[in-house]
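Below are two complexes that have chain A in common, paired first with chain B and then with chain C.
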Partner chain A sequence: MTTVRVEKIRKTYGDFVALEGLTLDMAEGEFVSFLGPSGCGKTTALRIVAGFEFADSGSVLIDGDEIGPVPPNRRNMGMVFQNYSLFPNMTAADNVAFGLRVRKQPAEKVRRRATEMLELVGLSGKEGNFPHQMSGGQQQRVALARALVNMPKALLLDEPLGALDLKLRQVMQLELKRIQREVGITFIFVTHDQEEALTMSDRIAVMTQGRTDQIGTPTEIYHRPATAFVAGFIGTANLLPVTVRGQEGDQVTVDGPGGRYFARAEGRTYQVGSSVTLMVRPERLVPSGAPLHGAAGGSIEATVTSLVFQGPVVRCQVQTAAGVDLVAHLGPEDDPSSLSVGSPVRMTWSIDGAYLVPEALDSGLAGVTQMEDDETGA
Partner chain B sequence: MAADDDTKGLRKGRFAPYGLLSPGVIWLLLFFLVPVAILFKASLSTKPSRFATPTFDWAWGNYSSAFSQYGSVFVRSFVYAGTATVLAILIGYPLAYWIATRGGRWKNLLIGLVVVPFFTSYLIRTIAWSSILADENPLVTTLQQVFGSDFRILATPWAVIGGLTYNFMSFMILPIYVSLEKIDFRLTEAAADLGSTTWGAFRKVVLPLSLPGVFAGSLLVFIPAAGDYLNARYLGSPKTSMIGTVVQNKFLVQFDYPQAAALSIVLMVIITAMVLVYSKFLGTEGLAV
Partner chain C sequence: MGIVSDPRRRGVPIGRWAVVIGCVAFFAAPLIALALFSFTGKAGWTADAYTAIAKDPQFWKSVGLSLTLAAATTVLSLLLMVPTVLWVHMRAPQYRSLVEAITLLVFAVPPITLVIGATGLLLGLAPALLGTPLVLVPFYIVLSFAFTYRALDTGVKALDLATLTDAAQSLGAGPVMTITRVILPNLRTAILGAAFLTITVVLGEYVLSSLFLYNTLPVYMADVGTTQAQGAAALALITVLFTWLLLIGVSVITRRLGGGRVATTIAGV
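== the complex of A and B ==
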């Protein structure tokens, strides 16, 4: 059942279009992430659902009913702010109790609920602490408990883990999932960290420039990206501009730089001569001779430019004759020790290791998308 | 050797704070504690005639007369100063709030305007008000047509209280503005999200967080107002005299140093006690922002 639905939302600030035709359904108890680069309108979308901003056109529906210009205090949405926004003049317990007191609940119930909620987020014993007496992670938990105390229709989280260090972020990711399972409320989670979105979400809405490029499960988004942007934004992808040569049933033949390749049609029909994008994930790209899972999908001549040991995999970067950089993640079965920097190599992939993105690729974007370095290095 | 040098450096470093404090401490000793001691001694002296030299003889009578003769003046001073403080909060808070929340890029200019009256001497401003509020001024003559011919402003308690409020208003606005300016107003969004109305968010979040400013402002207005004599002198009448007027008169007109000193000490002690009670009451500790 759909709890929250946004329909064709358009929002402008002066001449600047922040959101354009945003449409999305969120089911009861679902964990949906808004994922996208900085400035793509994630916060704006969340604030429109919460009622802090109003859309220029389009509508927000809660439980199927369109809500007009209803202010936030009469919407029953829970919001967890990026900077937590805890009330500094109140203890953890009073922060959590705030929403109950506003609703004039009896004192006994307020105390019991606040204690319960703090227990749920693992903060028993910290009831009397003021925000400045708690760590970032603890403040985050208080913010969560505070937003959940009224059992909102949906919990809106705006990059709630952004301020935490990597270790704590991973702990809180698991905590958030556990809490969501326990309360069974729809979570709308804003992040620009693709790994976070992949691990936590039931569905991800990938946004760019005020619109959603793709909405789907993490698996769909990772394996069947709708656009080259999505392919590059989620994980690392090797992208090659290719031209369709023919289609026979489920198999599509394409021509690319350095050869003829094969891919699955995935139910789509391709026009001969149309430009599309071939995507191969780094874990599907192997040196020839290494075991291929399934029929061959293609191969390309290249030179090894770098080999970096990363623990479970060796990150192998190669450059094709056309000057396109590709990245492969090689496991032990791919025998990376046989490679050396500067030596020629033929990289291959299976037909199921490739995916056709039904969109032409800007030639400047050919090769590996560097999201991996940018994101995990930060 | 090196370790020796290090410990020496440390030892030296330990005394550095005291060294840095000493100018302040010496200043306080010379210009506050010594004068207070002299004042205290004078308050326990007797001065038989106008031009005689006071002699120290534990004359506690100065204190009993401070209460018996001037008790009502003390009460009046505190009532006037208290009323002026409350009025300054009622007028100053909304103004500071408006500048802090709606001032935008004009904030600094607006706050500058609050301080502009200080460019004119306090005395001149007060005398200017005495002519504005005078009985023959068009403002008052117009009001007389409404309220009857014996309506007047000058020489009434309200003129004195108004003068105090006006003259010390900036001391209320500035600290309140500073504490409001520090508040993250996104907290009101958090409150609204939890179901609170705008007024509720103000009352439970913004107001408590700005109380330190209100507290500081009240002290800055109340203390000088309670000891003030200019407003009572230029805007009031003998019936509205405040304790500052009496002290000034005793010191500079009647040369009754012992009585003036005793009144000053009593004023100081009462104000200190009031401040202590007030700060307990408003409990600034819990409001660490």
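== the complex of A and C ==
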């Protein structure tokens, strides 16, 4: 059993606080992603686990043992970098064998293991190729084999797919997941791409400004975001600032810009009069008349501002009377053909299609928030 | 000059060829003249100048001295500059511009000042050194600073040193192994380039060796020039050809090693 734990890690660069009390447990064989925008501290966190940086305070524990003062070459942590970082003077096989040769393994074992590892990453027959003779995807596979050859306690991946094009990235996502299942090593994966994190992770730590906003499974993070930032950063979300009017058992009544809405308390107790955020995912927002799947949660008057056919869904953007933009992803059963740009529409959602984020919303953030770049994979 | 061809310039680009031919002539003409002159005798063509040089024991002594000095300077300056460049890049990037300025400092000091100042210093520090031609080595090292530094700096910049080091360390390599197994092999081309430049600096240096009264190849050449013009021309030609051979040799070795092109390293100077 190898477990990795980071505890109350704090790291500053001059006045800049890169990490502020990061605490996270990673179990054996778990695929954990550090997800966040650039500058959120995710790479710093990874480099502290690898031993390339040292925390100002806090600890890194492997199987319960503090490894803070252990230099990186004695930690046995595999590392994969965004720019592959293969040794240019060595062939694919020699790159993979490097870790074994450093450990003075017998030549026969070195050769056998290097061949095995290249086979694992699907590069049999490329043993003699130099890095400059291989494509980006192939180089990253070699880097992966090289980092796994010593069976590290954990594999640390720093945006490893960032330099690859979209198609290749999707292939490599599945490959990474397969390889991780085969070797059973803990993977700690740093990315700013929410789709990548959702696809591969067992758990995601969503980070912003040196803190983790939420740590949870992709489903939890998507459906039950802890903060408005998480709601907006993961997928597309329609956020409305609302005020709690009352709570009756599991049902919370709130007042929002377009009327009175209902949502589930999800085990929490809400103070009457407190400001919170109501989130409705675009796939849960439908024009009135479309099937609702459950009790009504609320509705809002708006005008259709754009309709874009995207294949499986029609992306329908509407604007409320208060000038808030909302987005709905309409399937065939939502009858999008009845809508036209400029026409008034009443958008509605079910009580289970809404979620209360227990945090007040900055007025500027009302409406649809999304990371368009990441969604399109740009 | 764009990629799109200018319709007015269709056909033979006479202007461009004129420039090329002009440049080639500018560089080649003196060399050809030099060669022709070195083979001229009182009665037509002769290789007398060359045989005379070959027979002169003083020539072989000066060649030996210059090559010894070149070898010593190259080895010592690499031993000094490779760690310096690596240190500046990996540990002390804030000193980069300072080190760069230091390497250029020698060009701001007139040679005679350098010699008088350094002689005074050496008299106090290592008087024994002043009696041997090896006294030139520290001066040559300083003279070649700018070239060695830039050649190595260009080579290091082309590598992603930080990530390569991280990668090697994460695979279990300590600092020594990281340098010997990963960094130095990838700097072969740059090191060869630096060595080549140092050798050419030493083989061509005249002022310091003549001030110190040592008979290096350039000093010998100048001496010969005062008495026999053809001999000096022959020597100059030999030196040029020797330098070319050296450059070709370095390129061949580099290519054999599978590294980049030495030209890029030298062009970075």
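Here, the second predicted complex is superposed on the first by the 371 of 378 C-alpha atoms of A that agree within 3 Å, B and C clash if a C-alpha of one lies under 4 Å from a C-alpha of the other, contacts with A are read in each partner's own complex, and residues count from 1 in each chain.
Rule of thumb we're sticking to: a residue touches a chain if its C-beta (ideal position, glycine included) is under 8 Å from a C-beta of that chain, and two chains touch if they have at least 3 such contacts.
This is a predicted model, so every value here is computed, not measured.
Participant: With both structures lined up on chain A, is it a clash or a fit for chain B and chain C?
Facilitator: clash
Participant: Taking the superposition on A as described, I'd like to know which of chain B and chain C A:R146 touches: first, second, both or neither.
Facilitator: both
Participant: So in the superposed three-chain picture, is A:T303 touching just chain B, just chain C, both, or none of them (first/second/both/neither)?
Facilitator: neither
Participant: Counting only touches as set out at the top, which of chain B and chain C does A:F98 meet: first, second, both, neither?
Facilitator: The answer is both, since A:F98 touches chain B and chain C.
Participant: Under the stated touch criterion, which partner chain does A:F52 make contact with: chain B (first), chain C (second), both, or neither?
Facilitator: Both partners, chain B and chain C.
Participant: Could you tell me which stretches of chain A are touched by chain B in one complex and by chain C in the other?
Facilitator: Dual-contact residues (chain A): 50, 52, 71-74, 76-79, 81, 83, 85-89, 98-99, 102-103, 130, 146-147, 149-150.
Participant: So in the complex, the part of chain A that touches chain C is made up of which residues?
Facilitator: 50-52, 71-79, 81, 83, 85-89, 98-99, 102-103, 130, 143, 146-147, 149-150, 156
Participant: Hey, which residues of chain A end up touching chain B in the complex?
Facilitator: Going by the criterion above, the answer is residues 50, 52, 71-74, 76-79, 81, 83, 85-89, 98-99, 102-103, 130, 132, 146-147, 149-150.
Participant: Looking at the complex, which residues from chain C come into contact with chain A?
Facilitator: 159-160, 163-164, 166-174, 177, 181-182, 185-186, 188, 258-259
Participant: Where on chain B is chain A touching in the complex?
Facilitator: Going by the criterion above, the answer is residues 184, 186-187, 189-197, 200, 204-205, 208-209, 286-289.
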